[in-house]
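Shared between the two complexes below is subunit A, which pairs with subunit B and subunit C, respectively.
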Partner chain A sequence: MKQKKIFGLSRRTAIQILVYGGACAALFALPLFVGNDFLLNRYSRYLVLGMVAMALSLSWGHAGILNLGQGLSFGLGSYCMAMALKLRTVPVHTGSDGLPDFMVWNNVEHLPWFWQPFHSMTFTLLAGIFIPVLLAAFIGWFMFKGRVTGVFVAIITLATLVVANLLIIDQQPFTGGFNGITDLAQFKMFGIEFDAYSKSTYYLVAACLTICLFSCLALTKSKAGLILQAIRDEEDRVRFFGYDVAAYKSLAFCVSAAVAGIAGMLYTIVMEFASPTFLGVPLSLSIVIWCAVGGRKSLLGATIGAIVVVGMQGALSESALFLNTWTLIMGAVFVLVVLFLPNGLAGLVEIFQRRIAKKDG
Partner chain B sequence: MGEIVMSEHLIIEKLSVDFNGFKAVTELSLNIAKGELRCLIGPNGAGKTTALDLICGKTKPTSGSIRYCGKELANLEEYVIARAGVGRKFQVPSVFRELTVRENLEVALCRNVGVIANLFHKGREAEAEGLEKLAEFVGLQEEIEKSASYLSHGQTQWLEIALLLAQDSELILLDEPTAGMTAQETQKTADICNRLKGKHTIIVVEHDMGFVREIGDVISVMHQGSLLAEGTATEVSNNPKVREVYLGSIGIDNA
Partner chain C sequence: MELVIQNILTGISLGSILLLIALGLAIIYGSMGVINMAHGEFAMLGAYGAWSLNHFFGLGTLASLVFIFFGVALLGLIVERSVIRYLYNRPLDTILATWGIGIMLQQTVRLLAGGELRYVEMPPLLTGTINLFGVSVSGYRVFIFLFVVALFAMTWLLMYRTKFGTKLRAVVQNRDIAMCFGINADRIYGLTFAYGAGLAGLAGALIAPLKSVSPEMGTTYVIDAFFVVVLGGVQSLFGTAASALLLGEMTAWLGFYWNDTIAKAVVLLVIIVLIRFRPQGLFSFKVRS
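Up next, the complex of A and B:
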């Protein structure tokens, strides 16, 4: 049996690229039909959350690492951007020498050393990616070298998330505590000002999502991606082929952290604040649910899962008809998907493919 | 004595392992030549599987040495031992069930094991032909695009052997390759083993005496963690100690 090839790619990969490309094109076309800036802001938010779910799909769906603390990378990215934008607010809102307002209220007299580098936007963008990555590398190294697997990975990542969350709330003079960091300037890049309620921010988010989606797709299609899937199936077998399993798992964990960090930075731009709830347990658990609903083994599936679930949440909670029953409906949807679609919405595609294949031959 | 043995390949000396007081393997010594097919037999609990675990690094020895091509393997990490050229087939077939047969073989083909190298790995096309030949070797050419979860038990066993060949390890450890196989499937496995003889050094742990007679040159009998006897099938089956602990009075011919 020979594989059919299209431009040197297997048929499956070629179809996948077409579908991913089509989905991204649809994202870019959306503002042509939506004139309302408020709605665009809301859609940008959905896309950012889709990006975090995609990041989890990479580590959970493709490498079998159930990260219950995905919000850690997301939140750190978000705080990096918030710190930079806070330093850029109009001086009227801040203390002397541009000291952020909440520091003045907390009797901080000088800008702390770790806030200083955030005057540079280049540093901020690098920090928003590499702080989560370095932290993931550190935690990953200990977990994967120590052969921690399964539910224990989930517990460790969840615990790390809670620690980070408590630290941020506790260090109010430097982090804004419960209130988070609010009253931010607008993000400026290449001479464009990205107003959260405008097409420019929406396009920024859509572009980042597209780039991350295709980069991660390339990773999963590489031989390293294949080895990661093998690790998800039979970790020991892979080890006895001579692969350093810990290094491969760390790779997936770090790339996932990088994508979540980028998503976090975008979230601050879209929401115009950073809050400790971004590192809260409820958000991180929601990410797992989005991923499961969309299909954890498909990057695009997980992205769409997040958009669908968050979108439904928004629509149901605002509708006068459902009032507070919306949480019940969301729960029911989740249970139904887990029961009948173990591979999520993306699994539906496979089911249809099999039906068609059966009819054909 | 004192001579340098030219065929020095795998030398196990006084290997022992202790699981919280239970001595699974005690002072086991084996000397296996390059290209040899060695069968390891013995009653349940004799420490055969543990011996393989020790060689491939799954279990760390309490004392003793495992020298392979002059390199000490004891206490190295599994993946380092695998890179030194040791491949292991497990008792319960262990393949990647969610990947296709081709993808399984691709993972096993590991000329370069580095993370970065595999992120930007080119030339997967060129390898495809070699993988198809391997699939043919174990009779899975029709199944190459199928997910491994659809394979029968016997096919899964052969796939795992093919994976070891893709890995191209010089020393192959097979743990009960015919377990659960029909007579026909066992015959096919014996054929595969015989065709590999000479090209690879193979250690087979088996219970099926017919199979052992079919493939084995030298048979090592283990009992209670140490070596009881060693020799050809006839020598071993005529050994009174072996008859007593393992084969029973009927001997190897009728077992």
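Up next, the complex of A and C:
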């Protein structure tokens, strides 16, 4: 049987691109129907979290690396942006040359050296991506060269996350400790000021999400993407074919970290603060849950999973009826999804497709 | 010299608490490959059990232990029968499902007992201090240590000297063949999970007087316990004990020279490096896949 090709793409890929494009177009159209800036801010937040879940889908669903420390890249990106925006504020209590207020409270006299470069926005944007990537490259090389797999990957990533979280809380004079970095300036780029409660920030987030989504889709469709899938399903066989499994896994791990780093930076812009809870264990576990609910093997599925779950949390926790029971409901939903929909909501789509195909054939 | 003994004893005390929590997890993870993220919540339930039995029925902590063990074990059995048993061929998914169960338990407790901190009193017999090698140690911590040793011995006997343990080990080694010999594998797994959960309940009840009791208390415990189990080596009870002791001592010494946070971070880094080079665990000697 010969497959029909559309612009040199297989039918499946073409449909996927159409669906992804449609979803992104819907994101861009949303502000036309939502005039409320408060709601827009909340939707931007959902989209950012969708982006992190998508990043996890890339490493977990497509390469079999269960990263329980996705919050590490996310939090580092977030802190990079927060540091830069903090330096741009006009603090009420200022030390010499605009020292951030929490440093003044902690008797720090000079801006520490690792804060200095964040005066430059170009550096910040690069740092927000490449600090998580370099760290991921190191951790990835460390784990995958030693052929660490499965649960042990989960443990190592989780432990790294906890270490980072402890250090950030401990180094209060330089990181703001428990309180994180608050009272930030607004992000400015190309002469546009991105107010967190405005359409501009929403579009910024939607644009970043679209770009990342399509870049990751391209990666999964490339040869490297195929090899990653093969590694996920049968690692040893791929190794016997002579591929450098560790290098490919590190690649997926790094790209995932880059996307999470970008999402982290956006999160600071949307939330207007950075907090050690971004590197907390509960958030990272939640990311895994979103990814599982949406469908770990589908980038768009994971994104939508995060948006749906977080959106549901937001909606349920607000209504008086579910104020106290929404966590209970969410817990039950997770358990049911894991039991009956191992591939999440995206798996549901596939089940329907198969049904239709059966009827046709 | 006194400082050295003091640090060693602190380490032993920390290690015994770690082992207390990790023991149940070690059995569940070691024999069934299930990563039970709800383990911390089982411990939390144990702590609330101690609090409520004391608060409403005036029962002392020690007297309530029996009720707590069987209560939490029963809950474990229900969880295993209704959820976990469908996931034996998907071990990584057990992380997700048990985490979902965990947050359900947390919220249930929050609804029933309120979110505020609760305090459980120490048994009055054990509030004093004991002089050990010229260092005074809290009596309750010595009691926990002895209790853990007894619990560990009991678990070892259960695993290696009873018919139940033999059956369990048979099922772990080869489920199908074991079932051919007439062993009811489902029942064995269910009871094992219940036993592990019951141990978690005991751990929570015993720790309750040392820390404050809150619905969120389980999260930190489960992660520490998990590190202990993996470091010690799956399916090795003595490995779990040794790694708990090792981590306890490391935390005590590092915490003495730096602060507690840095100590914890360094211990975690050591764990990361050890897992990388010995994923089978520090103290497991037979490797069979």
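As a working rule, the second predicted complex is superposed on the first by the 357 of 361 C-alpha atoms of A that agree within 3 Å, B and C clash if a C-alpha of one lies under 4 Å from a C-alpha of the other, contacts with A are read in each partner's own complex, and residues count from 1 in each chain.
To be clear about the criterion, a residue touches a chain if its C-beta (ideal position, glycine included) is under 8 Å from a C-beta of that chain, and two chains touch if they have at least 3 such contacts.
What you see is a predicted model; the values in this text were computed from it and never measured.
Colleague: Return first, second, both or neither, reflecting whether A:K199 touches subunit B, subunit C, both chains, or no partner chain.
Modeller: neither
Colleague: Does the superposition put A:A224 against subunit B (first), subunit C (second), both, or neither?
Modeller: first
Colleague: Report for A:D236: first if it touches subunit B alone, second if subunit C alone, otherwise both or neither.
Modeller: After superposition on chain A, A:D236 lies in contact with subunit B alone.
Colleague: Can A:R45 be said to touch subunit B (first), subunit C (second), both, or neither?
Modeller: neither
Colleague: With both structures placed on chain A, which of the two partners, subunit B or subunit C, ends up touching more residues of subunit A?
Modeller: Higher number of touched subunit A residues: C.
Colleague: Pick one for A:L167: touches subunit B only (first), subunit C only (second), both, or neither.
Modeller: second
Colleague: Contact-wise, after the overlay, does A:L251 reach subunit B, subunit C, both or neither (first, second, both, neither)?
Modeller: first
Colleague: Per the contact definition, I'd like the list of subunit B residues that touch subunit A in the complex.
Modeller: 56, 58, 78-80, 82-83, 87-88, 90, 94-99, 102-104, 106-108, 110, 113, 115, 118-121, 124-125, 128, 141-142, 144-145, 163, 167
Colleague: For the complex, give me every residue of subunit A touching subunit B.
Modeller: Going by the criterion above, the answer is residues 1, 3, 8, 219, 222-224, 226-227, 229-230, 232-234, 236-245, 247-248, 251.
Colleague: What does subunit C use to touch subunit A in their complex?
Modeller: 35, 37, 83, 86-87, 90-93, 95-97, 99-104, 106-108, 110-111, 219, 223, 226-227, 230, 259, 261-262, 264-265, 268-269, 271-272, 275-277, 279
Colleague: Taking the complex as given, what residues does subunit A use to touch subunit C?
Modeller: By the definition above, subunit A touches subunit C via 66, 68, 142-143, 146, 148, 150-152, 154-156, 158-160, 162-163, 166-167, 169-170, 281-282, 285, 288-289, 292, 324-325, 327-328, 330-335, 338-339, 342.
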